[in-house]
Structures are given as structure tokens and as C-alpha cells.
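Structure in C-alpha cells, see below.
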Amino acid sequence: MSLNHGRTQLAIPGPSVIPERVLLAMHRPSPNIYEGELIEVTHSLVPDLKTVAQTKGDVAIYIANGHGAWEAALRNTIAPGEKVVVIATGRFGAGWGDLAKDMGIETIVLDFGMHSDADPQKLEEVLRADTKGEIKAVLTVQTDTASSVRNDVVALRKAIDAAGHDALYMVDCIACLGCDAFHMDEWSVDVMVAACQKGLMTPAGLGFVYFNDKAAQARNGKQPGFYFDWVPRADPEMYYQFFGGTAPTHHIYGLREALDMMVHEEGLEACWKRHETIARAYCSAVEAWGEGDGMHHNIADKTKRSNAVSTITTGPGEAAKMRKWVEENAGVTLGIGLGFGAPGSVEFVRRFRIGHMGHQNIAMTMGVIGSIDCALKALNIKHGDGALDAASKVLAAH
Amino acid sequence: MSLNHGRTQLAIPGPSVIPERVLLAMHRPSPNIYEGELIEVTHSLVPDLKTVAQTKGDVAIYIANGHGAWEAALRNTIAPGEKVVVIATGRFGAGWGDLAKDMGIETIVLDFGMHSDADPQKLEEVLRADTKGEIKAVLTVQTDTASSVRNDVVALRKAIDAAGHDALYMVDCIACLGCDAFHMDEWSVDVMVAACQKGLMTPAGLGFVYFNDKAAQARNGKQPGFYFDWVPRADPEMYYQFFGGTAPTHHIYGLREALDMMVHEEGLEACWKRHETIARAYCSAVEAWGEGDGMHHNIADKTKRSNAVSTITTGPGEAAKMRKWVEENAGVTLGIGLGFGAPGSVEFVRRFRIGHMGHQNIAMTMGVIGSIDCALKALNIKHGDGALDAASKVLAAH
Amino acid sequence: MSLNHGRTQLAIPGPSVIPERVLLAMHRPSPNIYEGELIEVTHSLVPDLKTVAQTKGDVAIYIANGHGAWEAALRNTIAPGEKVVVIATGRFGAGWGDLAKDMGIETIVLDFGMHSDADPQKLEEVLRADTKGEIKAVLTVQTDTASSVRNDVVALRKAIDAAGHDALYMVDCIACLGCDAFHMDEWSVDVMVAACQKGLMTPAGLGFVYFNDKAAQARNGKQPGFYFDWVPRADPEMYYQFFGGTAPTHHIYGLREALDMMVHEEGLEACWKRHETIARAYCSAVEAWGEGDGMHHNIADKTKRSNAVSTITTGPGEAAKMRKWVEENAGVTLGIGLGFGAPGSVEFVRRFRIGHMGHQNIAMTMGVIGSIDCALKALNIKHGDGALDAASKVLAAH
Amino acid sequence: MSLNHGRTQLAIPGPSVIPERVLLAMHRPSPNIYEGELIEVTHSLVPDLKTVAQTKGDVAIYIANGHGAWEAALRNTIAPGEKVVVIATGRFGAGWGDLAKDMGIETIVLDFGMHSDADPQKLEEVLRADTKGEIKAVLTVQTDTASSVRNDVVALRKAIDAAGHDALYMVDCIACLGCDAFHMDEWSVDVMVAACQKGLMTPAGLGFVYFNDKAAQARNGKQPGFYFDWVPRADPEMYYQFFGGTAPTHHIYGLREALDMMVHEEGLEACWKRHETIARAYCSAVEAWGEGDGMHHNIADKTKRSNAVSTITTGPGEAAKMRKWVEENAGVTLGIGLGFGAPGSVEFVRRFRIGHMGHQNIAMTMGVIGSIDCALKALNIKHGDGALDAASKVLAAH
């Protein structure tokens, strides 16, 4: 017998749970794309997207996933043959670098492994060594969805400044925009890349590239081609230029609703705080389960953990068994150990990830923690007691 | 700051959580009501509705709520001025009796209070005393949604038989059909009343009256009027007679989907078992919270508790505060202390109810328990530890 | 090959086309039924329902179809054994009388056949002859959905007054509320019966009974039972009394949206006028098709035709063939010849009906007319030319 | 008063009317993107997408609009600095050339104006003159959404062959895939570009690039970058490579439903034939309206008109007024005179376009024609009679 005949809950680190309001907003006829309401709705997205990133700079919206946005960011700023520093703190940081290489860009990869954030000192050293100014940009994720580490965006900025280097500072916030606090202008980030299917609570299909004046300057002389050129998209003369052709009609309505919820109803500060509280609840539960030598969070330093996703290490093979159990019995789908070896490998099957981004509350959080707790008991996986109480305490104290 | 910016969960004892599949099935144009698919779909409901009640008898579907079904059952079987025994074990058992009185039926109320099930011995005595055979029927609920008691339907049947009395045996399963095991034919129930918005997982709007041959005989000479007459509805010559006029088009599609889920996918036995396990998890949590003299289940005898709903007593005023907190902070709506004094009264605000009927799984159960646990902590309401672990243990052992 | 691979259109005289906005409003979780938003939304329906009927009287909402509302109206006003006059101008007028008889009410049926409206003179004569005042009510439809005649509600009122008779005047507006102009108070109608699935654009499942003070007086001493008693429903002390138990949660949200559209966005006067124009367009088309001795409207007198539905007579068997063709090839479902003999009979298969109630515009009207025109051509059914142009002229001139 | 209080109909040439079934399929939670059902559903799209193009070649799916697919086709086959012939028969043919230039590709534009199809003879001449084989590809649209011309894809192929030229033959079917017959393999088309929001009846957001072995060879040595590289997308080792990252989760479900309708239920041949019949109905109506010197189809040669879209010329300013009238009064939105001068210019406001692609039937067709007819009458725009009858005749004869 399965106990999973109720509402399922997707708890992977993206795509996230789409609010019913967003789905309802997308359940509609195609609108006219040359006149009328859609034009107005599209324009209304821009200031709210800027608020979410805390910037007065520009934003270009792409019909694309995060990888498309990565490429867009690079096409507008870096020419083939030019050099960038890639900070790897998990699969996604590394992945952006791989994509750059595919585009013919030379990459210097600073790999900090799967368990810790980037060391600003190392970055500073590399930049100082670049006396000819060949490095055009520093690429990093804020949160890596694989390792669940959160890099210190401010510290890395300071490292660039300390080195007196002119490289563009490009940050990928795909995994955590709206979840982990981010201040693009205050933190002097030049380019920021995001996507809609995580903290922004909209079905996958839109990517965003934010850029400031310095990045806009870098665009000069580059040949991004048509589709990824951010110039017409960020300040379109004609409506169709917003999207380089046909607009993503339904996503526009969905994103409008999601931004209403985040920016106009909850408020961005409260939204960040909510994510922080919920992330801490998950961490407390993991700590309780892991008493002794058992389960533990992938990032030992609590201050470096993302508020959007948690990567957990278990005993050999336990994560995979547990994931299967909760999906079949509890209605919860957890994330795989992406980035830790090939699927099925020893390192892979002892990791799982929990996405806690976007549309999240106490009931959902306790539902996931409770489901994992049941699985541990049902599968006789060794674990400490009190995980649920620990999480409950954190949430109650909010 | 509120942590409730996620998916909300309705945990009142009806209406219950409507599965998304049911809502999607109802999101459609009105169909033709004289020809075509709707006719076929309607006919397909009947055998599945009978399976749900474990009967080969008849079933009439009414566009009405449970109160309408109550009245329908009585109009077909009892004439004004005739006498029935009403078993009251909470507001709903009592309510059926009140409605009978409104219809001009004489009622003998056996009131067993708000905290226990009916005593078959008392029923037997009353029936034995009715030497003239004036009592035409015995009315009882299986589960009372207010007190959350589950009466022993078999024992009450035996009491009627022991008294050698010919009264019809009429059972209200509105609160628990599909949740608590029920065998209409095996248990010799003559009339059973149900509705769609609880275990049957369909938006409120349909009532059901099941009846066997003995009840069909009782219909002779009665004047139920048109709308509640079960004769044409149970075996219609013309399609429109199914519903005494225009069909409840969208509900038909919704109910079809819900019955597919219950009967054809999960299976009725598994569905009952799932409800039992989940109900026990809630009970274990309440027990843990209530260590000492605190919170406790309204029905002391565990074997008498419904699998569909749990009524809980707290310290003075605590239930009301806690309900408010979980609704505002956790996204969970719990049921009020219906039937325990006037809204706002001392007895009322120290009760709450949890509906765990229909579309339920581990994640939802732990989400509700976890939300309550947070509230107890946040509001400094005295409670025992380990409620979550206790519930988790029950669910894990299923 | 079928050309029907596009959006289908239901053009039967009820249920009508449900606006997507109404379906979206109903695509939602069940709400709490004891507290919160639902209470407020329910209360907000009442003034708008009164506006739709142009009354300051009371309205009771029933979870029921139109037949349920018929019975509700009678249970509150007429006791079994009492006498009413039933005006039959089609199946539905006659049907209300049949239902009254089922309830034990004595009926005097004034049958005006299937092709004309009621003669007020006849009514006056019958009432004058009732010197003992035994007749308690006059029952009539405003529009009969079968014949598509529209009775002159004002003239019938005058007949009652001319006879100096005290009978209640009860009008069924199920088929045409919101389509044909209706002024309950100005026209001194005592009881009015309606339902939600036609002009009110909501999935079938709600019936309405409106009543004025005179009707409220008639309620005294009656025993309507519980479910149909209009007293608590029209002015409930407790919310649950609105619906005699569990509220029709999803219909409440659907009806709210529909009333917003009719009353607050379009405006009732404009809504009536729109229906009138569209009905005239259909009539013009039928007239053109029927040049000579062919197809014709069932009601010869144009001033007596409903604005909600049109019943059309064709040559032998043609209506049935044509209906089949448009459903299979054009995507349009037309109404059967209800009330003209048994299904399949000669008189039945030469009639069809077009519903043009509720959510209707030019595109939909021309789509239906165009589809019928195609069918006539495809099936070589004799017909006059210019039907489409004739309809277009009417619509263009609005 | 407006008569537009009914179901609206979008009749622009893309996005087209999305079937309710497709919207329902997209109204769902985000699925897991690493395991489970989504993987299987995605794989199932590929053979059906190939059927739609009548090819055994490869297809790559992009999260992008048609412009993105244009760029993808070029990035995989043409290097910057290389030369292509661009056939312009309307704004979209020309537009693909503009995009190529943005990518640094040299273009030879053969401009055939806005009113006729491409002359194969001209193409042959240009290719014959290219004795050094510098021309790498011939780019053309099958149907131009602006002019509504349909080029003769077979004749252009023959011209290339007659010239003995080795250029790739690249055809844009965005506007007409599934509407106008297309046989990629039989016609020896090397690359074909499409998108989902027109004949494929899915909300805008997916582009497709089909390619055969010859085109696959051309990929060698090109540097398409990551996002547009068709190699991993067409034959992915890992699921995420299908979409170069996060899958377009909801669009996958929507497209699945649309392909079921087209390929598995209606059948592609029937679908093409339906579009042809409906297009001819529109043409007949336009012809009737235009008797004498009035309104006329933009493409004089009937055999060159697309089955997906019709561009119509009216007297000065009439098109714009008429479009406004039908949108406000009839519920129909028609397409603007895209490509005929700047918005608002004389040539622009005397054109309108009708999209009749995808989800279309008789009722919808007659609804649009009827709405236009009403507008012409209401606005006193000179027009011939009998347009509706003419269209009806065509549809009836199917």
C-alpha cells in the first residue's frame, strides 16, 4: 500500500512549485502580440525585475533557459579568444565555464571543489598576476544548485577591487534570485544572469540578463548576433524587439503574477527573510538527523549555505533509497546528487538535494522534513531523533 | 513577517482538498445534456458509487448538499407524523433529527453527548419498548463530523435485530464514506446518505441516497414530491430523470475523476487503510502534545475515533489562537470547534478539528502536524515533546 | 474528412457557454466554509441577484437545478390539496404543473399549445369563475425553452388584476433571466424562479427563488420542510443557513464572476439589448432560409419570440440530419426538438432549437448561422439564400 | 452598446487559437526534470515532430521563438563572412536575411516584393552565376506571414538543381507547418525551421530546426556556440542536452497534446486538407466582398496563397477601421498590415490579415467572416454581397 494518494510536492532545486495563481494566469487564450494589453503587461515587468535584483541598470528578457542566459551574457561582453576567470564551486559554476569554452572563450578555472565557497584571496592573486589585463571578466555563481554553497559576492568584488583589476564582474543568480539577498548596484556587479523557474515561481522558459553601464560599454564592438543581442531587448523601439520576435505570451502573464506576489504583496525583504528562516529549519533538521557520524549538510560552514537549496550527504546508497521511498510513499520528490559523480555512482547515490525556493511555507517545509523522517524510519537508516522538533523550533521563532 | 507564502492546505473536516485532476476535469465547456458523452459518463458513475458503499442496492444522486440528502432519505421513507429514533453523538446526528422534526416527523432522540459513541443497549431498550411498532426508522451517523466519534454500525444493527424490531436502519456516512470502512449490504443498512465534498474529493454540490429493497418498499404510499423522489433517479427511463431536470454537468466530470482515483487506481480497501494510518498518526501526535493534562482527543476510546476527522480539546482559548496562527503563518486552515457551544464561547474556542479525509498523503499529514507544532511553540502553549516523531513512526510503519 | 478540429460551440438552450473567466474562478481549492472570504463573497451575490431580477424583494439560493427551484417555490406557498392555475405554452410551463401535481397540488392547466403565448383573456375568465378564491397561484414561464415563446408577463398580471383575484403570480424565468427584460417589482410578480446555467453563465447546480412580501405572507402556515424553506436562506442568521448546510463553494465563485460581467461590466440594460439584437439576427436568418414553404420559426408572431432561444421547424427529418452534420463537421451543437413528440418521432426530428443566451457575441452568432447554412447546402436541404447577409445586417445595425 | 460579450476569437496569423486541451495539459505542477515521466514524454515528441515535417532526418527543439530558430539554423551551417541567397517575398523572408546580416553573414537578397512568390528562374540565374561556389545556402520562407504568399518549394529546389549548385536549401515553415503540405525529404529540403505557436497550436516559446545529413555535414567546422548547437539536441546522450539545460517543462506537455490532436487523431493529410478548405472559404468571401474595384486578396494568383494566413487589401484606411470595429463589437481580433509600411502609414492601414491556422473549424471560420461582413455594413464600407454564401458553399462542399 502507498500512502501517496494526496497532493504531491516537488522539492527539487528547480523548477520549483508553481503557485496556482501563476498557472491560472497562464491558462488563457493567446493574446494579440502587436497591440493591446500584452504590450502594457510586458512593460510593467521591467521595473519589478529590476527591484528583484536591486538595480537601476538594464535587464534583457530572453525566451531561453538559464544556459541561454549564460550564453547571452557572454555574447554581449566577451569575444571569442578573449579570456575569463571562472569560479567553480559546484557543477553550475563549472558549467558556465564549459559553455564559455564552447563559445571559443579562453577560461581560467579556479576550482574550489564541491564543498566550499570561493576563496577571494585566490581570485585576487590571479587577477594581480594578469598584468596585461587580458582577463575580461570574472564569472561566478552566487549559489551553486549542485553544492548548495553560497559564495560571498561582496568579498569577491572586493578581491577584484583589491587587485585593481578592470574585469567585468558577472554573477549567476539563477538558483537563488529572490531567495538569497542580492544587491546588484550596491555590490557593483556588472552583469547578472537569472531564470524564471526557481525563486521567480514561473514555469521554465525565460532567462534574464541584467547589465550596468560598464557592461553596456563592453558590448561595443562585440558581435552577439541577433537573438542574444541585449541592446534592442533592454530598450526596445518596437515591441517585438523585446523578445527578438514573437513574445512568450503565456509566460509574460505568469511572470506578472509571480512578481505581483513577490514584490507587491510579500515584499522582497520579507521574501528573503522567509527563505532564510525556512533554510535554517532544514539545516536544523539535518543536524539532528546527523548526530554522530551520519547525514550532514554538504557545506560545513553554516554561513555559506544557500537559502534556496540544501545538498545533503548520507551513508552509502541511503540517499537514493530514501528519495525513492518519499516519492512513492509520501508524495515528495527530492533532488538527485547532481554533480557528485555519474548518476548511479557511489558518491552520487549518497547525496540528495532539497529545493526550498519560491513558493514555500511552514506546512510545505514540515511536510518535506516529515516525509524524510518517515523514510529514514521506514528504511531503518540510522539517524538522530528530534529533527522535526528542531525544525519546528526554528520556524516557530521566526 | 508571515511564513505563509506557499501552497495553502485546507484541513477542515469538509470540504476537503480537491485533487487537481478533479478540478481539471471540471474546467471544461458545458456539454450537451440530451445526447452524447455526458449520458455515458453519468451511467458509469453508478456502479462505482455502489462499490464505494459496498452495496448492490440502489443509489440516487441529488444536486444538493448533505442536508438535502438527509431530507431526501426521509421523504422517501417516513411520512409526516410518523416516528423515528435519532441517535445523537454530536451535532450532525442531532441535526438530522432536527431536520426530521422540521418535516413534521416525530423524533425520539437518544443523546449520547459530544464525547462518546452510541450505546447499542439503549437503542435496543427503546425499540423493545415500542411494542406497537410505531418507530419507523433508526437514524444515525457513522462518523459525526463535530465530535469525530465513529459509531459501531454493526453493533447498532445487532441491537435492532435483538429487539426484533422492523424499523429501517438509516446511516449517514457523509463525513466518512471512503475513509472509514463501510459495508452497506453485509451490515444490513437499509438507507445510507452521503455527499461528494469529503472522502469523495469533489467540490460540494452532490448528495447521495443509497437504499435497499426494504427501503424501496417503505417508499410505497409516501409522497416525496418530485425533487427528492428516488424512484426515477435510481432507475431512470429518460436521462433527465437522473437529476430531476438539468444535470450537474461539471460535477459529473469531477466525480468521475475522483471515483477513478479511489476505486480504479488506489482501490477501496487501500483507501480505507490509508485513512486509518493517517488518522493514527494524528492521534499519536495529539497524545504526545497532550502529555499530562493538556491537549487531548475528544474521543477517549481510540477504537471509536473516526479515520476522517479528529476533534481536539485544548486548554482554555488555546485552540482558537492556534488555529489563527497556523492559518496566518503556516498556510494551514483547521476546523472550528463546531457543536461545542456558540462560536466564541469558552467550550468552542478550546476545540479545533482536523479533517484528514480524501486526498491525503504523508507530506500533507506531516505538514499539518508540523504547522500545529510550530504554533504551539510560537504561542508558548504548554505541550509535550515528540509529537512529530510519534506521527512519523506511525506513518513509517504502514 | 471533418472540418471540426477547432473550438466547439454549444448552442443548445441551456446549459449555455460558460465564460472562461467563470471556469477560472471555479478552478480553485475548496475554501473554509465557516470563516473568511467565502462568507463575504456569498453576501455580495445577493444585491446583484436582485438587480438581475429588478427587485427589492428577497431571494433564496438553492443547491438544485431549475426543477428544484420550481419545487421550492411551491413548497413555500402552496399546501398539498390547494389549487393553482398552470399556464402551458410549451413543455416547461406544462412541466411545472406536472411537478405541482406530484406534490399533491391540484392544477388547472390552461394549455395554449406549442406555438403561441398565453391568452390573458382566458386566464382572466378562469380567475373570475373562481368566486370562492380557491385558486392560490398562477404559474407561468416567461420564456418556454421548448417552444421559445415569450409570454407577456405584464398582460397576464393585468388579467389577474382585472379579475380582481388574489392569487399569487409566480413566473419561471429559468430560460431567459438576463436575456429577456424582466422587472419583478414593477410588474408585480410575487414569486420568480430562476437557475444559473443559462443567462447567468454558470455551470448547472444553483436554483433561485425570488419572493415579495405577499409571497412571504403565503409562507405562513406552510410546511416546506427544511431544505426548501426559504425563510432562513433569504435572511440567514448563521452563514450555513444560506444553503441549508454546506455551501456550494465553487459555484459561489463562478456566479460571482458571472454577475461581475453582467451587472458591473456590461450592465443589465445593455445585456438585454444585446440578447435582443442577437435574437433578431437569428430570426432574420431563419426567415431567409425559409422563403416559401420551408424552414420557419416556431412562433409566428415576432413580438412573442424569446431573446434567449429560437425553436425552428424544418421539413420532415431535416432538423435531425442538420443537427448531426453541424456537430460532426462544424463544431456546433444545436438543441433537439424537445417537447414536440417523443425523441425520434416525426414532429421531433423536424425541429431544432438554438440557444443564444448568456455569453454571446457577433462572432459566435455568425458562426452558428454560418454552420447551419453550410449544413443546408451540404445536405441539399431546400432553403432560401441570403440568410447570412440578413443576419449580418441586423447585427451591423445594432 | 457593444455586442462583444461572448467568447473572443484571435484571428491573427500567429499566435493562433490554443486548444483548451493544450492549456489544460499545461495547467500542472512542474515535473521532475531529471527522472520520470517528462523524459519519456519528451522522447515521444520527436517522431511526431518528424511526421509533421515528413522527414526521417533530425530535429532539434529550442526554447526560443522563430527568430531564435532562424539563428540556430544559421549558426550550425553558415560561418560569419560566408554568403547566402535570401529570397524575400514579404517581411519574414526579408527578416531572416536581416538576421543573417546581424550574424556577419553576407546576403544576396532576391526581393520579389510583397505581392508575389519567388521566381525560380531568378534563383537559378543567381546560382549559375556563382561559379566559385561561394553561396552556401538559399534561404526562403514557404509561407510569408506578412504577404501570405506561398512559395513553390519544389520549384525552387528544381532551380537549385538545374543550376547544379551545391548550396544548402533552407526553408522557413514557421507560418504554415501543419497547414500547407510540406514534404521535407521528398522535396529535398536540407534545413527547415518552425515554431510552435501557429499550426502547432502551442503557446509561443518553442522553435524547431530540422536538418538532413547534408546539413549535418555542413555543421562540421562551424562554431555555433552552446545554446544553438544542434548536435547534442538532436541526439542527446543526457536528457538535459535536449534543451541545453532546464527543459521547457510545461510546453512539453502542451506540445504533446497538440501533436496528439494533429498526428494521432485528425491525421496530417486531413489536417492539411482542412486548412486548404478553410483558406478557400476565406478567399471566396474576399472575392465576393471585392466585386469591382474594392477589397482584394494580396496575392492575385490563387494557387500561390497560403492555407494558413490571408492578407487583404482594402480601400484607404478601411482595414484599420474595420479591425477596430470587429475587435470591439464582434469579439474577433484580426492581424495588422505588417510589412506594408510603417504602422499608421497609408499602405499599412489599408491591409489586414486573417490567421486561419491550427485549431479551426467551420463555426470559427464563419464567425470571422460574419464579423467582417457586419463591420463592412456597420461602417458603410463599400463591398459586394454574398460573401457569406460564397464561403458557406466552399465549406459545405468539403
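Order of writing sets the labels: A, B, C and D. Residues in every chain begin at 1.
Note that in this section contacts are C-beta pairs under 8 Å (C-beta built on N, C-alpha and C of every residue); 3 or more make two chains touch, one makes a residue touch a chain.
Quick caveat: nothing in here was measured; it's all calculated off a predicted structure.
The interface holding more C-beta pairs in contact, when A-C is weighed against A-D, is A-D.
When every chain is reduced to the mean of its CA atoms, the largest separation from chain A belongs to C.
If each chain is reduced to the centroid of its CA atoms, chain A and chain B end up 45 Å from each other. Chain D has its Cα centroid 35 Å from the Cα centroid of chain A. Spacing of chain A relative to chain C, judged by their CA centroids, is 56 angstrom.
For chain C, residues touching at least two other chains, in rising order: 8, 17, 20, 24, 27-29. Within the complex formed with chain C, the chain D residues making contact are 1-9, 17, 19-20, 27, 261, 266, 270-271, 273-274, 277-278, 326, 329-332, 359-371, 373-378, 385-386, 388-389, 391-393, 395-398. Contacts from chain C toward chain B in the complex involve residues 8, 10, 12, 14-18, 23-24, 26-35, 63-68, 70-71, 75, 80, 98-99, 102-104, 195, 197, 203-205, 223, 225-227, 229, 243-251, 333, 335-336, 338. Contact residues of chain D toward chain B in the complex are 20, 24, 27-29.
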